[in-house]
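Okay, got some structures for you below.
Both complexes shown next keep chain A, but they swap its partner, so chain B is in the first and chain C is in the second.
Here is the complex of A and B:
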């Protein structure tokens, strides 16, 4: 799965200049993380879902990306509901479900999903290289950008490599649930992966140097601001202010 | 008439911190547009020699001259390209197009020229339709051809190919052979696939334990069964016609 798999679509979000998109969406992400009350939360969720709908990204693709945060929410919800304390909603023997836990879990879920949807709108509607160039425009440290770039490029490769190592170990009787022995094998698999990735990073760096790498990623993309970019940015920034206002009210 | 040597090595020696004499007093010359094979058993110093030739490693002593200029380690030299053994090391961008344009963009070429070179090199290896694909979504053969395109787009004069047929099926191997045979650049190819070298090179250099053992016309050198055996190599079957015959009569 790639985040920018559908970067070639032609929606109003896709045609938005990546720099202006950053200016508009990053503050909105912070607003989503900061809102505390139901009206603000619902408004944030509404704005982020509307943006995904406008972008025309396939639902299956969006759900695939949301799978990770969704698992996190599924794990966190019962923990919060059962441990937060305060007014009890249901009690059975020693186990109680708390009202505040339910509220915190719902808040967490809405916030996480809204942020993820905005993240998808930001990075899923432009080629990754273009998003990188936009971040470079705002003087983000080149090392940070390189880290982001290589993580994105090689994460799939190492997940695949990890899968292969696990298969090789399983074929020789490895299971995670074999106590200390299983733990030792898991550690050695991870160490092997770490060493391999270190060695590969040296070779990749050599390959990049041979093709003229000096710390920056050259691209053919050129940004051009249009009136519609300014308009879309202003609209989204106004919505961010509105969400903050509704939350404070 | 004075021969036109594009690549010259004089008394090249190299040691790693934990391994001494990986290469010792290596000397050879390669003419322009020549296709030269480099053979030797595992650990004989072939890849190290290539890393020195392209300026990734610095020799302890000796001199490498390419196109009349000394090769300075650590400097960007677009005239010498190196195709890594694993295409995963060569393809580091998020799309194949970005990978192919990476070198030409760093050479500060105009945008039209970059696009033209990218299109040409992708076409040359038959990967034009894959330009927007992510490298990790390509098959092994496609990755190898795509890695070739990243090198070709820089239009180097000297290309060093490290095991270009490893992990390829017969069809993709044949594609690589066809591409190499059409290439006008000076090539040095390191490979254990001796049949492949027979099809693509005119001359071969045999290296073992960091020393040049012998160099000469490829058929002549690879036919020397005693020499090949003494360096853990096998004479290619195509150079032993009776092999096929005895197999048929079995």
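Here is the complex of A and C:
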């Protein structure tokens, strides 16, 4: 589940300076969100898939990440076909199936999957600290950066703690959210989780302050721009412009 | 409960990021570096609570605790919501990256409203934990309905094609509002008994009344 599980691979996307990667991929994400017509959508899908192929990330890992949007699209498609309106494909009593629903679902699928693929390339090909450092370079407030970093750490602590509490509750015969008995155990687990993590975070923060933490974001990574970074960024920005051009054409 | 990538028009996405930037700037003004652990813990709690699903008919919905976030954190809850949503989008693909701004507004505004409503109640009902917990639970339930309403309005503004589906999904949130209201009531009862200092809105309200 870690974001940067495959950050140590070597590929043109992995060796790309994280700052330049942000400059290139973030506008492309918004271009993918903006495209409306088939040529633009196909170009967006092509560019994002090519990026993931070049990155050399294991296909199983990418598919695992895409599972979420994929299920969402599977659920959305029939509902969209029944509710979108427009030209009817089939009509039975008050229920109608609309052709436009299918087109909207396909558009939604391409946009959502393209954006997710680009995001995998952005955060899955650099260590989390490196991505944070790149964001710091673009003047993201230090408090927000520290918050992102701490939250990322606490998510894993919470998940571990939550798993332990759940196992302990199950061993005593309790389950989550099934009837009133389940509600009682759910509340107990959540309150324990909240208080334990809150107290633990205060202790960790006090220890960090004692070791000289001042809110700054120290990492060992140092950026150095190379000609290839500028080239890759220019290429991707040009492709973004091309996608917009194909979409409005 | 989140709006996914690909659903919204680019103008709405831009508006969402602008509004979220405004809310974030407001929250950043209220935050000191000492608050970071508290915010991070709540951001992670917001993230993990989305993993608690329960079945409603053929579908399942998950808890959000937006109301509880507003009561525990106050105005800075926006920051915890923003980071929680970011990680939900990148680690579990709940919501989206391009819709991060809009989703922050959908969850953040109701959290602020709950904080604003809870503050005078904490002042008035100091020493009456049952009444306060009940009010908190009701407010938390209303928060879900407000968020569902915001989703409907935003999707309606973005175009007609998703209006039907937005109505279908918003209707399911009536049940979530009820469940979340009841759970928040019980959590607040316990917290007010064990660790009331954790609730910023309670602390601010009672300090105001004693000062």
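We take it that the second predicted complex is superposed on the first by the 204 of 249 C-alpha atoms of A that agree within 3 Å, B and C clash if a C-alpha of one lies under 4 Å from a C-alpha of the other, contacts with A are read in each partner's own complex, and residues count from 1 in each chain.
The rule is short, and it goes like this: a contact is a pair of C-beta atoms (placed from the backbone, for glycine too) under 8 Å apart; a residue touches a chain by one contact, two chains touch by 3 or more.
From a predicted model like this one, the values you see are computed outputs, not experimental measurements.
Once chain A of one complex is fitted onto chain A of the other, the partner contacts of A:195 are limited to chain C, with no touch recorded for chain B. Once chain A of one complex is fitted onto chain A of the other, the partner contacts of A:187 are limited to chain C, with no touch recorded for chain B. Judged by the touch definition given at the top, the superposed model places A:4 against chain B, while chain C stays out of reach. Of the two partner chains placed by superposition, only chain B is touched by A:207; chain C is not. Legend: residue contacts after superposition of the two complexes on their common chain; A:68 is shown touching chain C, with no touch to chain B. When the two complexes are overlaid, the chain among chain B and chain C that reaches more residues of chain A is C.
Once chain A of one complex is fitted onto chain A of the other, the partner contacts of A:150 extend to both chain B and chain C.
In the superposed model, A:219 makes contact with chain B only, not with chain C. Look at A:112: by the touch rule set out above, it reaches chain C but stays clear of chain B. The intersection of chain A residues touching chain B with those touching chain C, taken from the two complexes, comprises 150, 152-153, 157, 204, 214. Here chain A touches chain B in the complex through residues 2, 4, 8, 127-129, 149-150, 152-153, 156-157, 160, 200, 203-204, 206-214, 217-220, going by the rule given at the top. Within the complex formed with chain C, the residues of chain A that make contact are 1, 3, 29-30, 32-34, 65-69, 72, 76, 79-80, 82-85, 100, 104, 107-112, 115-116, 119, 123, 141, 143-144, 146-148, 150-155, 157-159, 162, 176-177, 183-184, 186-188, 190-191, 193-195, 197-198, 201-202, 204-205, 214-215.
For chain B in complex with chain A, the residues that touch the partner chain are 51, 54-56, 74, 76, 78, 81-82, 84, 86, 88-90, 92-95, 98, 101-103, 105-107, 111, 114-115, 132, 134-136, 150, 154.
Taken together, the chain C residues at the contact with chain A in this complex read 4-8, 10, 13, 24, 28, 31, 33-34, 36-41, 43-45, 47-49, 51-52, 54, 79-80, 82-84, 86-87, 90-94, 96-98, 160-165, 167-168, 179, 182-183, 186-187, 190-191, 194-195, 198.
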